[in-house]
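Next, two complexes with chain A in common: one pairs it with chain B, the other with chain C.
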Partner chain A sequence: MSVADEWTAGREAVAPVAETVDLLVLGAGPAGMAAATEARAHGMRVLVLDENGAPGGQVHRAVEARLAKGAVSDGQDKDGAKLAAAFRASGAQYRPGATLWAVEPGGKVFWSESGAARSIQAERLILAAGATERPLPIPGWTLPGVMSVGAAQIALKTAGLVPEGNVWLAGQGPLLWLYAVQALAKGGKIAGIIDLSPPGGFSRARPHLLRALKAPEYLLRGLVWQQRVKRATRVIQARELRAEGEGQLARMLVDGVAHPADLLLLHDGVVPNTQVTRAIAGLTHGWDPVQRCWRPALDLWGNTAVAGVMVAGDSGGIGGARAAALSGRIAALEAARALGRITTDERDGRAGPLRLLRDRQLAPRPFLDAMFPPLPEAAIPDETILCRCEEVTAGRVRQAVGLGCLGANQTKAFTRAGMGPCQGRICGPAVHGVIAAARGVPGGEVDPFRTRFPTKPLTLGELAALAG
Partner chain B sequence: MRKALVIGGGLHGLSTALHLARTPGWQVTLLERRHVGRHSSGVNAGGVRRLGRALPEIALSVVAAEMWHGITALVGDDCGFRATGQVKVAESEADMARNHARVAQVRALGWTHEEVVDQAEVRRLLPAVSRHVVGAIVTRDDGSADPMRTVMAFRRAAEQAGVTIIEGVAVNGLAATADGTIRVETDHGPHEAERVANCAGAWAPDLAALAGETIPCGTKASMMIVTERLPPFVEPTVGATARALSFKQTAAGTVVIGGGHQGINDRAAETSSVLFGSLAFAARIAAEIFPCVAGARIIRTWTGTEARPPDDMPVIGESRSLPGLFHSFGFSGHGFQLSPAAGAAVAELMARGATNLPIAPFTQDRFAIPA
Partner chain C sequence: MFRRTEPTDCTIVWEGRDLPAREGESLAVALLAAGITSFRETPVTGAARGPLCLMGACFDCLVEVAGVQNMQACLVPVTPGLVAGIQHGARSFEEDAA
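The block that comes next holds the complex of A and B.
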């Protein structure tokens, strides 16, 4: 049996895994799929772990199912279908439904699959964990009937669930408009959009316009989205939003004006998913002052400060699906070089055109980042719950700052914020932002919640089963 | 006012600074390289335990226990201390024999806090314990506290007593001056003081070395697990006679599991990492002694870096190479409970050169090689 056979033989989720692998890829979104495909082309043994049941990540979620139904329509779906087909044919070992929960120094990786914990020793890692939604805490956002636009998009893509009744979208960011377009195209109804973004977006973004026009399709697409949505539903510019109801969302107050509401979808942009990278000792991150988020410090190949650990795609900085796929391939070429599969010259030669393409895809980012800054945390009313698990309000976090808490970790002792089952995965950016605003310092000067493995909950019994 | 400097913003540094600042005539500054409670002080299991102490530590531990029962009077906060008892379960008749021998030894020295109990009593104390447990040693008024809350309480009390706490300052030199004081070089300029305390935990041996003194000391990275909140099922903190376990349910309902299973330290990078292959044993022991937790979700694991001399006992005493410098480190993973008493002892040593508190066993002279 050749190496390739050995690694393509076991595709079922129940199949055993080897003790070692050349490259472990976390995530089967565009970056992960492209990285695995490229790495296989250089003969590496590749294992891909992904939480979802099928390849695609968030942006290309369920793309294979749509392809099978002949429902692949837009350019994004076509990109996704192509990536997924190449990935399926690559010979990479693919484990859907696999949740990575730890990476140890030296490359030992742990995950859970069908309720059982497993581990493998990886020579190299490419972490392509994608983006995560920034929470948008408003008074009443914990009521049933209030959810995130991202969650609604998952329902739309996987189950074809379209919004019905008095459905409102609120917040800011490109995904808000994209979801509205997708939902309307599928026959959904939207009562209106509450645009909370502060005025002056275009004038903030204007200095970056020339560069953004290197890839004009992004801006054109955005304008088309907004126009399509504005034709189909009303858009209300507002500053303050509250959700109200008795045990269930019934209405919302927009700048004090009540509107009946059955479903309220919130969105405040996306940030790199740094849960795993921040838990790895020695892996440094930098603060993005425009999008107010952390991103791992990377070289142009995707190498982090920890030898052997690489990051590709949106988890290294929001760049969109096409940039993600390119950065996945670039990272895989570097991994192939590091493992001696290709020379430095080969890597540079192959990566050159990919890097130019990536530069073009990233050209509109400064414009978009300036156009869609996150909403100001200082404006969050005191009574708003930030940490949903432990029900800690913005006011209590501000109080803790008053008592001398300088960072998110210190507020735990006073408030328990971030100590519940989600471990700050949901509320982290909000708690961090509220502390920074209360202290009046840039977010980069405030410690975020220290993340620790396991980055996803597993049971004591699952862990105990690993004891030899 | 006479000047004193405490190096290290962990619980031992804070306690030393607090006690010294309450001694008339002393002006105390505390230097911390990162932030207060950064390493083991903020992340330990919070056990307030005399049960099972090494014999030379019992006397100081008994003094500390009394201080814990009056902790609010000491620092103005209850530190989350709850005297819910400590229980060390026996899983076999051989364990029980060891327990009887141990308690006899402790009682022979005049201490009565440890008590052997039978299966009926251990089941009464721990209704959820596995049926295979045959008995236990119990210390009924031991308990546990909240480590980070304790650190914050000691910090506030120290500041109220007049201690100046400076965070983000690293010491890189220690030397005697011609005036008989100690000059402390830092990355933010020098300090000078009559007395200096070395409470730098895992990095304390480096400070001793700066003063020209070699004290043998390694490190530990004891690993911990905390689960999601569960309905209340156990009050005391639980250990085991023959296996490494520390197990307790907090007031919030989460279960904290440790026991000294070791991760790895990177002392230079000031980080430590969990090794899940070893931590799996802690999970297994916990689930075997309390079967009801097997399905509980782990929400976090962590380690902290801690100094550990070869005999697992602290080093407390004046430097043999730089008079005026006083060491207090190496608590080897069981210093949390000792911190109120150890700080009082070190403060007394600094202020008047002697203390009646029982710290004689902790002199670094125990490592001296006979001439």
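The block that comes next holds the complex of A and C.
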């Protein structure tokens, strides 16, 4: 028995995959599902890899299960159910529970599922990896009992867990209010909301109001959310927040005032997930000074600087679920053109109306961006852990800057920040922001963490399956 | 902390203790629903940690599942009788090879 056989013996059998595919889509959120469905309509052989167990991504997570239970209620869920049904019927090969960990030049893609590595040669790639929450590092945020708002939303959507007891939400951003509304509607109880956003949100956003009204449903929805939440729970405006407890969250200090807490949910908006795109050589990214995040440089279709590699949805810049689905379809049309399935005229004819719809969905973004700016990293106290994996504080990162560190990659060597198993996924934006603030330069002048394949931890056992 | 609004349909074992769970939900969610927030001890200082993101990014929910270490509890689906426990520090290679 070979080493590979030994390692893979007894593991769950995984259905084989073809050696080649026309289009590989990473992610089965709105962008990925829509891209795969559109590509199938043009006869392309499509493989979709997704880390989750069911289609939907984060925004439509577990939408099929909730549909089966008759628990699909809001418009967002209805959108998701429609996308998932079309995706299931499309004939795209779908691999749930699959974690992509490498993309080689020329389109060879590697991933792991059920403990075994796989690979395939793809003509084109559409990366639709979605968004991750921007970290909100506060002193004590590593205590068990401190989680992100997005995490609590996942617990709600997948298992019907609602908050109860001394549960607090803190930070800023639309998702914080949305989760509060969803949790309250399901019978949850929230002790209060700590609003850390700087005052003057509306006056900052006002110049973008007219444009935002092209899609007024976003603003109306936001106002309704805030009203509902404010009727049901208290909202405290604050500047400083700390979590405290012995090996477990017990209380929090809000501008120095103690409140008992057994669950604290943090949120500071979302950023594009660029973990894979940043690892692809030659794939350029640009700094978004408003949302203070990196995003891949894309043309109107979603083409990156690397031929054959495209990006769709929030991983190319935050636009929300509806814009993501539209950009997935637009990218798939361009992929179909590139592979000779449709002519350039056909692509343009089909994509025209989709692009108009996408523009409408993106119209409120400047307003929302001005209303909900990310919290300033300069205000993070020195004792706060930034890199949770390696337990590196903001003070140590600032010290490294004092010793001459110019960017995030140098702080790795000085402090090990970003070198743990999450590979900088969580701390990346915070480490980057702290360095930029300490140097007194715009974020665009500071190198982000360089990501490398494998972009997810991989065991030798998984890898050995490739030799089998 | 959290309250279930949907029925459970099976039992899992956490640190030798039976907990109610629902087949198909993530192990991390099942533990949280049972009031458990400490999933692991860090390799650096031994501090207690629990999940942050529940979406596979943070690696703070690492546990041991059926003898396999460093499993992300948020990506492990519950099956009836699943046996899991705290991940103590870094993965130990001797145990894994056995």
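Heads up, the rule we're going with is that the second predicted complex is superposed on the first by the 451 of 468 C-alpha atoms of A that agree within 3 Å, B and C clash if a C-alpha of one lies under 4 Å from a C-alpha of the other, contacts with A are read in each partner's own complex, and residues count from 1 in each chain.
Convention: a contact is a pair of C-beta atoms (placed from the backbone, for glycine too) under 8 Å apart; a residue touches a chain by one contact, two chains touch by 3 or more.
These figures come from a predicted structure and were not determined experimentally.
Engineer: Contacts for A:255 in the overlay, against chain B (first) and chain C (second): which applies, first, second, both or neither?
Structural biologist: neither
Engineer: Answer with first, second, both or neither: which of chain B and chain C does A:281 touch in the superposed model?
Structural biologist: After superposing on A, A:281 lies in contact with chain B but is clear of chain C.
Engineer: Tell me which partner A:413 touches in the superposition: chain B (first), chain C (second), both or neither.
Structural biologist: Touch status of A:413: first partner only.
Engineer: Just checking: does A:187 make contact with chain B only, chain C only, both, or neither of them? Give me first, second, both or neither.
Structural biologist: Only chain C is touched by A:187; chain B is not.
Engineer: Of chain B and chain C, which one touches more of chain A's residues?
Structural biologist: C
Engineer: After superposition on the shared chain, which partner residues are touched by A:359: those of chain B (first), chain C (second), both, or neither?
Structural biologist: A:359 contacts neither chain B nor chain C.
Engineer: On the A-aligned overlay, A:421 touches which partner chain: chain B = first, chain C = second, or both, or neither?
Structural biologist: Touch status of A:421: both partners.
Engineer: Looking at A:460, would you say it contacts chain B, chain C, both, or neither? Reply first, second, both or neither.
Structural biologist: Touch partner of A:460: chain B, not chain C.
Engineer: Just to be sure I follow: which residues of chain A are touched by chain B in one complex and then by chain C in the other one?
Structural biologist: Shared contact residues on chain A: 420-421, 457.
Engineer: Quick check: in the complex, which residue numbers of chain C touch chain A?
Structural biologist: 1-6, 22, 24-26, 29-30, 32-33, 37-39, 42, 44-45, 47-60, 62, 70, 74-75, 77
Engineer: Chain C touches which residues of chain A in the complex?
Structural biologist: Contacts found on chain A: 51, 53, 58, 65, 97, 99, 132-133, 142-148, 150-152, 154-155, 158-165, 167, 186-188, 247-249, 262-263, 388-391, 420-422, 425-426, 457.
Engineer: Spell out the residues on chain B that touch chain A in their complex, using ranges where they run on.
Structural biologist: 35, 42, 146, 148-149, 151-152, 225, 227-229, 252, 254, 257, 264, 266, 269, 271-277, 279-281, 283-284, 286-287, 293-302
Engineer: Spell out the residues on chain A that touch chain B in their complex, using ranges where they run on.
Structural biologist: Touching chain B from chain A are residues 102, 104-105, 108, 110, 119, 281-282, 406-407, 410, 412-414, 416, 419-421, 423, 452-454, 457-461, 463-468.
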